[in-house]
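Quick one: the structure is below, and I'll ask about it shortly.
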Amino acid sequence: MENISRFGVSIESKLLKKFDIHIKKEGYSNRSEALRDLIRKDLIIEQQKDPNEESIGTLTMIYDHHTGNLTNKLLDIQHDHNAEILTTTHVHIDHHNCLEVIVLKGKTGNIQRLADTIRSLKGIKHGELVLTTSTI
Amino acid sequence: MENISRFGVSIESKLLKKFDIHIKKEGYSNRSEALRDLIRKDLIIEQQKDPNEESIGTLTMIYDHHTGNLTNKLLDIQHDHNAEILTTTHVHIDHHNCLEVIVLKGKTGNIQRLADTIRSLKGIKHGELVLTTSTI
Amino acid sequence: MENISRFGVSIESKLLKKFDIHIKKEGYSNRSEALRDLIRKDLIIEQQKDPNEESIGTLTMIYDHHTGNLTNKLLDIQHDHNAEILTTTHVHIDHHNCLEVIVLKGKTGNIQRLADTIRSLKGIKHGELVLTTSTI
Amino acid sequence: MENISRFGVSIESKLLKKFDIHIKKEGYSNRSEALRDLIRKDLIIEQQKDPNEESIGTLTMIYDHHTGNLTNKLLDIQHDHNAEILTTTHVHIDHHNCLEVIVLKGKTGNIQRLADTIRSLKGIKHGELVLTTSTI
């Protein structure tokens, strides 16, 4: 069981009303839940600035599977980087295009370098990295 | 076989030199590959602004698996939204935390609404949506 | 005098501790102030998605003042767009380069279109738009 | 006079066609101009990751001018930071709200710290930092 704290927030009534409407629209059932998410997001953005922090990353990419042997290249690339690939999800989008999501673990700097290297491979049309963490 | 076009670019020599160093560091083997990636990224950013465009999204989220029955909730949520969940990848991070990546397909606006609804569920600590496309 | 509301937030003690350290480092003197800023930022991001909302924008750009007559072009451009230019700040950076910040007012969609048009002028090396609002 | 280089790009015809439509809509008169802007933007994003690089920043902020003596606080703050404030633009938005744009110069890390400190002052409702450079 985690320890829960409670504290008070003072805020302009007009601003609070707008926030309540906004989070209801997004699907939140209460303010604390919405505020905890804002706080975690803020901390994660801060944490990502430090290349030596441990992170988890997901690299979403679109590629043409007729181009080269990506799987083999990915294996080669891993040997040159210190970020670990935990798992890969593959979705067949159409005759030419695949979506692949690679889950990476390691220091933020190493994850970013590995993502750069993968993204720059011939055949990868678009690659976008998301960094997150389980420590928050 | 796709049709390939070729065109010329004029650019300040100093700027080109910096770009060559930058893309080499990122791992690109030639300028055309790097420029095609920049062009596609630019087009995807533009395309995402239109909620009626067809997109593919990946929602990366961290959650505490001791909280509620997320799988059932996800099924319920899908019935209320018009974006489709193609696949879900689950990674056990530690005793409490799971990473889950959901691949979504549909109109950009619907994907964003579905991502908002999932992100706002109790127990989801962090959720980040990436939008991409196979049409570029 | 604005009406002030007060409400309670429940949060994991560990997360609150991290947040306290983070906002102290950023310079906040209390949690309410930091949370109000997070709430406003969240609302502004949401508001920017609607091209019909009234916004204020600042376009930061770097350009080589030896290129063309930008001031005249800006006047021409304004006639074709429905966003208003409130003021322009000019800073001499070095022999070639100027920094200019244009403050724009109008519907978000019109501000973005006007910023695109200015950014794409020959001589503008980099342009970045910030959208904000006084209604929050 | 700057030295100009010329090089060839090969690209899928379908992708080039989409790019041409996109940049025409944005207002570009030719591809080279649009590509140079994409290249500079890419380099600036890279450069911003290094806190020791020299940058120019603009901090856009909205505040209620009835709150405290911001001008004096800004002077105090400058003494504790090594980023320089080049100029400040002030726009009266309505009875309560002012828009202020501060142009900053110095190492990226120092600019970011100074922006954090200003943003966290009581009365500042929203602050957004843009980083750019004249060296590209």
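For clarity, chains are labelled A, B, C and D in written order, and residue numbers in each chain start from 1.
The working rule: contacts are C-beta pairs under 8 Å (C-beta built on N, C-alpha and C of every residue); 3 or more make two chains touch, one makes a residue touch a chain.
Values in this document were obtained by computation on a predicted structure and should not be read as measured data.
Separation of chain B from chain C in touch steps, taking the shortest path, is 2. Inter-chain spacing, taken between the CA centroids of chain B and chain D, is 25 Å. Annotation: 9 Å between the Cα-based centres of chain C and chain D. Shared interface positions of chain D, i.e. residues touching 2 or more other chains, are given as 36, 40, 136.
Viewed as a contact network, the protein chains form a single closed ring in which every chain touches exactly two others.
Chain pairs recorded as touching, per the definition above, are A-B, A-C, B-D, C-D.
Interface of chain D with chain C (complex): residues 23, 26-29, 33-34, 36-37, 40-41, 44, 56, 58, 60-62, 86-87, 89, 91, 93-94, 96-97, 99, 101, 103, 116-117, 119-122, 124-126, 128, 130, 132-134, 136.
For chain A in complex with chain C, the touching residues are 2-16, 18-19, 22, 31-32, 35-36, 38-40, 42-43, 46, 136.
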